[in-house]
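One structure below.
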Amino acid sequence: MVLIRDFAIQGVQMLLVLLLAPLFTGFVRKVKARLLRRQGPPLIQPYLDLVRLSRKEVVLADSASWLFRVIPYLVFAATWVAASLVPTFRTGLLFSWSADLIAIIALLASARFYLALAGLDVGTSFGGIGSSREVMIASLAEPAMIMIVFTLALIAGSTQLSTVAEFMASPQVGLRVSLGLAVVGLVMIAIAENGRVPVDNPATHLELTMVHEAMVLEYSGRHLALIELSSSLKLILYVSLLACLFAPWGIAGASAALPALAVGVAAYSGKLAIGGFLLALFETSIAKMRVFRVPEFLGVALMLGLLATLLRFVSASF
Amino acid sequence: MTLTVALACSAGLLALAAVAVAIGREAAATRFVYGASTAIAAISLVAAAAYLVAGEAPASLVLPLGIPWLGAHFRLDALSAFFLLVTDLGALSASLFALGYGAHEEAPERVLPFYPAFLAGMTLVVLADDAFTFLVSWEFMSLTSWALVMSHHRVAENVRAGFVYLVMASFGTLALMLAFGLLAGPDGLYAFEQMRAAHPSAMLGALALILALVGAGSKAGIVPLHVWLPLAHPAAPSHVSALMSGVMTKVAVYGFVRIALELAGPPAWWWSIVVLALAGITTVMGVLYALMQHDLKRLLAYHTVENIGIIFIGLGLALAFKAHGMLFAAALAFTAALLHVFNHSLFKSLLFFGAGAVLTATGERDMEHLGGLIHRMPQTAFAFLIGCAAISALPPLNGFVSEWLTFQAILLSPQLPSWGLKLLVPAVGALLALSAALAAACFVKAYGVTFLGRARTHVAQTAVETDRFSLAAMFLLAALCLLAGILPGLFIDALAPVSAALIGERMPAQIGAQWLSIVPIAASRSSYDGLLVFLFMIISGGLAASAIHRLASDRLRRAPAWDCGYPDASPATQYTAMSFAQPIRRVFGTVVFSARETGEMPPPGDTRPARLTVRLSDPVWDSLYAPLGAAIGFTADQLNRLQFLTIRQFLSLVFCALVALLLVLAVWS
Amino acid sequence: MTFDALTGVLLIPAIAAALLAALPGYRATARLNVAATTLTFLCALSLFFWRPRSGSYLLVDDLNGTFIVLTTFVAFTTSVFSLSYIGHELEIGRLTPPYVRFYHAMYQVLMFAMNLALVANNIGLMWVAIELATLTTVLMVGIYRTHEALEAAWKYFILGSVGIALALFGTILVYMAARPVVGEGLDAMVWTVLVKRAGAFDPALLDVAFVFLLLGYGTKVGLAPLHAWLPDAHAEGPTPISAVLSGLLLNVALYALLRFKMLLAVNAAALAPGPLMVTLGLISLVFAAFMLYRRRDIKRLFAYSSIEHMGIITFAFGMGGPLANFAGLLHMTMHSLTKSAIFFAVGHVAQVKGTQRIADMGGLTVTHPVLGWGLTLGVVAIAGLPPLGIFMSEFLVVSSTFARAPVLAIILVFGLLVGLAGLFLRLNSIAFGEPRGQSAKAQASYVPMFAHLALVLAAGIYMPPALVAWFQNVAGLLG
Amino acid sequence: MSRIDFDIAHLLAGLLVLISFLELYQDRLYALLNVFAAHALVLAASVAWQAFIQDAPHLYVTAAIALLFKAIVIPVALHRIIVRLGIHRAIEKVVGVGTAMLAGMGLVALSMVVMLRVTHEADPLAREDLAFALAVVLLGLLMMVTRRNAVSQVVGFMSLENGLVLAATGAKGMPLVVEISVAFSILIAFIVIGIFLFRIRERFDTVDVQALDRHRGERR
């Protein structure tokens, strides 16, 4: 009985992130447009885009290989699995122990790996630009992320997201220097990883400035739909990660009854709304930086992570 | 029993080598030699695996060879059984691969005799149980692999590679010789059991450990002793490169483990500082070097350096934990290191096989002349992709598991009391994470430039899929990579006796854990389930695919790629390896390699192509080896004048010697 | 005097020398040469089983037994080698029949002299024998009568004579030291007597004596800085003589040195000979190792490598102790076999390439696989790589030294490494790479070369217990 | 042995050292040869004296060899060589006379110091004799290394060898002395003949770099 319920909840979680992801992207766009005093597209525009794309035929470059057509599914699978393992409204998901935080990062890394390969597959210079810049960004973002994981793991004594979240929700956390450093670093990483301003501009159409968009330039139709979906999954993943790590309030415990779950869902959607709004606000209030200033940006994140870890190593009171 | 089988196998290999000398030039020789070595490796492999799984007691054997009053001691315990397994697995796959690959060798008589001897050498190192036998096998291994490196000796750079390799190898051997001399004491107790019984003093043990690190490290490729590796590994035929990178470096790791964790006595905590610091540097330097390469095999060789660094991080942690009596954590770190030894031997061999297949198909090692091979040789491309994903530590493959375990070990290190480690370990962790990310970047480059995109040259255009033996070898290893990735518990449990023997503690049995996940410490703390992640990805990917194919349109149109309105862009406009690495080169290379980019842009209207030249300098070579070579040359020049003295001057030398000695006598009393 | 193996070892060469001096014709004489050396070798072997009683002039004990067997064996194989080598020299007219006759006679005289030096129980007789050996080799080095050959011979002659003079002075001093104890007359020069009574000798006299003997016989051993004659003599003489010089004569001189070292070892008050030998050994090793780098003449290259190895051996004996002495003996044996094998190979190489300049050789393993790989194997052996015998001795020396005197061991290791690098630097350009220079057809017997290498290989893997017991016994004698 | 015997032996040995110094001092070949003849003469005398006091008749042979061969034959032969080769000029020294002398002094002192460490039960005659002999040997060697000219180097070698004979004869009852002196005479004969045959004017000091480059090819 319990097992079935856990299965159900795990399934709900998977579907939830899948369904919420485009909405969240749309929400962010909408808010940005409003902040720019524009009408902006309707909230459900991303869904419509996905449907439209999946209706269209795929235009495949002559030089594209079988790998090029497989990769969208790989990327989507990896991202979705990762997203569905992050506690959103309830900790102690059934399969949460199948991959801890490090594994989730690795899953995202593999998604990026395949996507970068796709960028190189067709053999145009745009794909090359995108991939090379993407891996450059990743090569700094990943270690920074790992460092932050170290910090959290050392505080909570676990790399297990559910455990960490429960620990964070518990009163014994308190305010810690290392946590402060970690949250700042994580936000910076999230911005970079999702290709938001100032690192990259999801809405740009000038190839030379693009990173993510350049990489997927050759994709069209259903493939593009999958890519788009996975990128919005990735966005929501990071937001819910931030939420469950640094704002674990209202998240339902492992043995919570329905009302608690309802509270959890409500809290979660609230957090999403706030996160989306803050993101939009941040993006509208800052300009995109040159590609080769990104390393400095991420270097700061890495330093923050390393500093936090060192503090933790030196003394448990930080 | 197993020991006898293993020894018999190596004897058989030596006999095979002798036969190969005789029949080396025959047409059928290649098939015969590689077939036979495949069979022998298989037998030995089965024996080793059986021993390890059954967890038998150590067996030892003394033959009346080597140093007369000592004899040649051989011993098979869990540790040597594990490394024997690694060796045989590599040997098996390499021989299988060579059944097809060897056919393309233009001078087989330079390869066939040395190949089985090389295998025998590696096997004997693992089995040896006294200093002399160990060093003989060790140096024999180096010697035979040197001969294999020299097999394409008409290329000048290969000869240079062979020279550097042999000198570095002998340097390592001499360092080990000193280490053993130290442990054996003035009256030469060379047998390992005598050394185990000896309990050397802390200072002595430390010195031995340093020497072992230098000796074994120079063979494994620890920075700054790695210089021979990227020269020698690519120079050899690819199946030999696979063995050298995938297996021989592991044998070196074995040597270090044997001395550091067993013979040198109980470790002091600061030993690990040396090991960890060097290991961290090695890890990052290796991958950075690799990123700057565009020679496929050299790139792989540099990645060996990186992975050796990862392994030594694990070993260093194990030393630190053991020194502080945290045996459980030590067992975790040690197991992580050994598991990475196993994994790396798998995917590095696989990758070198792929490089070999490319080499036979196109005759090219330079990635800038390749591209688009995925169309011409899809199966090789698939196997190579798995290798790339595995070495980039991507779940659900095996590379990730061992790195994950290493991270878990690092997360246990705050309990270490000593401050040096408190500060060093997180830095090492950061370096490890950095190298993991860079490795992924590097293999995106390697795979993308070699196999994806459009063919850059005619040879790449007309390449054909490689033979079935090579493919069999590659797919065997690829399957093992996946297996070790989704069922790591089995392998961790198989390693338990090893860590129990050397650390005195073992990781908890994994096989009982729910859903076959691995739980190094406690489920609430951390766990990973490769199988489940794998299934998850299959299911979700499958769901997506089926949904797409049910709901979405499946129309598809082939069209030229988007060209910004400049039609038929030549393949030269693709990203090359150098240009792909450019962002990372700007970030890291300017610091590490003092990379300089000079671009010359012809004025408008001029039809000359603009060209960008990149200048890199190897910090290690320039700061260490070049001055050394110069110093030796200078000394040689100075001393060489003595060759041209006149007889009278020589006489005065004698005269001075005489007077000097008489003076010594005069002042003696 | 009844004929026994001992007199055989001396008589056979003497008679053969006379015959060979008398007989004309190349083929017959060469065969006779081989036959004589074979017989001598058999006599020497018989010394194992049936050992003659030692008189006041001649002596056979474990120590010189080792040397005699080794010497006669290498002399035998070398004569087989010179069979084909000298034939070729005749064909290309580098030697004329009279000189060949002279050569063969001298070869036997040399054998006689060396055997005499080894079996002499009288330090005066030993000295005479070694002088005789020196003079004969001087004549053979100069046999080609080219400008360089004469210069080399002359240099060898002068330095050798001075060395001999110094050795004689040392010998006289030993006598002086012995006389008050042993009494006047022959007994005071008889080895067996000396070594029994040496405890009572005047230590100061013994010290001075040893200094002179070390320099005198050390010149013959080729220890730096007394080595000057050695490279040129090796390079300019006929290759069989180079083989004999490196393989045997150096050993004989070293043997003389060892005898006197034992004498000092008996006398507690005398200075320890060890440090002196260790110092000279290390100097020779490191010096020769560096000299390898600038060599362009293949025979000079290996001559310097001989200096290097003599340094190692002297070092080992200087360190003393059962392990190091055993290693020294083993190293000496292995070096004789290997180095002579290398010189056999070098002789053939020089003949097929028509030159001794390394620059004009290359890709030997391509043009002459057997020869090329033989040379490579020889160099691998001499560089101290397993599984050949020299590795074992180097292992024993290095590992046993490091525990006793770390600094010395590190210098030793440094020298070994530098030497190895130098050797392989040259080998790469000789044996590998694109073939260079002319390459004639090789008509020569590779049997001696591979016989030696096979022995070295066997010793590296398995040593028969009898031999081991013998060596250990000798090592014990050396103290 | 009586006091006077000892004194005479001692005197002769000292004389030998003195003459070695004279050789070191000479700078003309002819004069050098004459001094060397004197050297050999004194040696012969001392050997004969030893033969007399040790009543060892075989030593007279050695004395005779020294007298005939070294004091007469060799100097004459060398004289003719000098004429033949036309090198009756000044001897080109490596170091000046003064330095050579000082070095000689040092060597004599050294040999004294070394030899006087010998304990007294070795009879004093031998002790003093050895000290002088060693001095002569060292001075001969010094002469060899400080002279460029072949002939004067031969002279140096021979005076060195005289020192040896002095020591050998001084060693009471030493066997093989005659044989050794004969062997040495042969050696010297070889050298002289060598000089004569090969026209070795400067060969001791030849270093023909260009020839080396051509033949030995040892330069880098």
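Letters A, B, C and D mark the chains in the order given here, with residues in each chain numbered from 1 onward.
Quick note on the criterion: a residue touches a chain if its C-beta (ideal position, glycine included) is under 8 Å from a C-beta of that chain, and two chains touch if they have at least 3 such contacts.
Only a predicted model underlies this, so the values are computations on that prediction, with no experimental measurement involved.
S.K.: Touching chain B and chain C alike: which chains?
M.R.: For chain B paired with chain C, the chains in contact with each are D, in label order.
S.K.: Report the chain whose CA-based centre is farthest from the CA-based centre of chain D.
M.R.: A
S.K.: Using the mean of all protein Cα atoms as the middle point, what chain has its own Cα mean nearest that point?
M.R.: Smallest centre-to-centre distance to the global C-alpha mean: chain B.
S.K.: Sort out for me whether B-D or C-D is joined by the greater number of C-beta contact pairs.
M.R.: Per the contact counts, C-D leads.
S.K.: List the centre-to-centre spacing of chain C and chain D in whole Å, with centres computed as mean CA coordinates.
M.R.: Chain C and chain D have C-alpha centres separated by 31 Å.
S.K.: Using mean CA coordinates as chain centres, what's the gap between chain B and chain D in Å?
M.R.: Measuring from centre to centre gives 68 Å for this pair.
S.K.: Provide the C-alpha centroid distance between chain A and chain D, rounded to the nearest whole angstrom.
M.R.: Going by mean C-alpha positions, chain A sits 99 Å from chain D.
S.K.: Could you state the distance in Å from the CA-based centre of chain A to that of chain C?
M.R.: Measuring from centre to centre gives 78 Å for this pair.
S.K.: Going by the touch rule set out above, which residues of chain C reach two or more other chains?
M.R.: 154, 158, 162, 204, 208, 294
S.K.: Among the residues of chain D, which ones contact at least 2 other chains?
M.R.: 114, 117, 141, 144, 203-204, 206, 216, 218-220
S.K.: Got a list of which chains touch which?
M.R.: By the stated definition, chains touch in these pairs: A-B, B-C, B-D, C-D.
S.K.: Please name which positions on chain B make contact with chain C in the complex.
M.R.: 64-69, 109-110, 131-132, 135-137, 139-140, 143, 150, 153-154, 156, 159, 162-163, 166-167, 170-171, 174, 177-178, 180-182, 184-188, 190, 632-633, 635-637, 639-640, 642-643, 645, 647, 650-651, 653-654, 656-658, 661-662, 665, 668-669
S.K.: Within their complex, state which residues of chain C touch chain D.
M.R.: Those in contact with chain D are residues 122, 124-125, 127-128, 131, 135, 147-148, 150-151, 154, 157-158, 161-162, 164-165, 168-169, 172-173, 175-177, 179-180, 184-186, 188-189, 202, 204-205, 208, 232, 235, 294-297, 300, 357, 359.
S.K.: Any idea which chain C residues touch chain B in the complex?
M.R.: Touch list, chain C to chain B: 154-155, 158-159, 162-163, 166, 204, 207-208, 211-212, 214-215, 219, 225-226, 228-229, 231, 271, 276, 287, 290-291, 293-294, 321, 323, 363, 365, 369, 380, 383, 385-387, 391-392, 395-396, 398-404, 409-410, 413, 416-418, 420-422, 424-425, 428, 432-434, 460-463, 465, 468, 472.
S.K.: Tell me, which parts of chain D touch chain C in their complex?
M.R.: Against chain C, the touching part of chain D is residues 114-115, 117-119, 121-123, 126, 130, 133-134, 137, 141, 144, 157, 160-161, 163-164, 167-168, 171-176, 179-180, 183, 187, 190-191, 194, 198, 200, 203-204, 206, 211, 215-220.
S.K.: Within the complex, which stretch of chain B touches chain A?
M.R.: Those in contact with chain A are residues 371-372, 374-375, 378, 381, 385, 389, 392-395, 400, 404, 407-408, 410-411, 413-414, 422-423, 425-427, 429-430, 433-434, 436-438, 440-441, 443-445, 447-449, 452-454, 515, 517, 523-529, 532-533, 536-538, 540-541, 544-545, 548, 551-564, 569, 571, 573-575, 579-584, 586-587.
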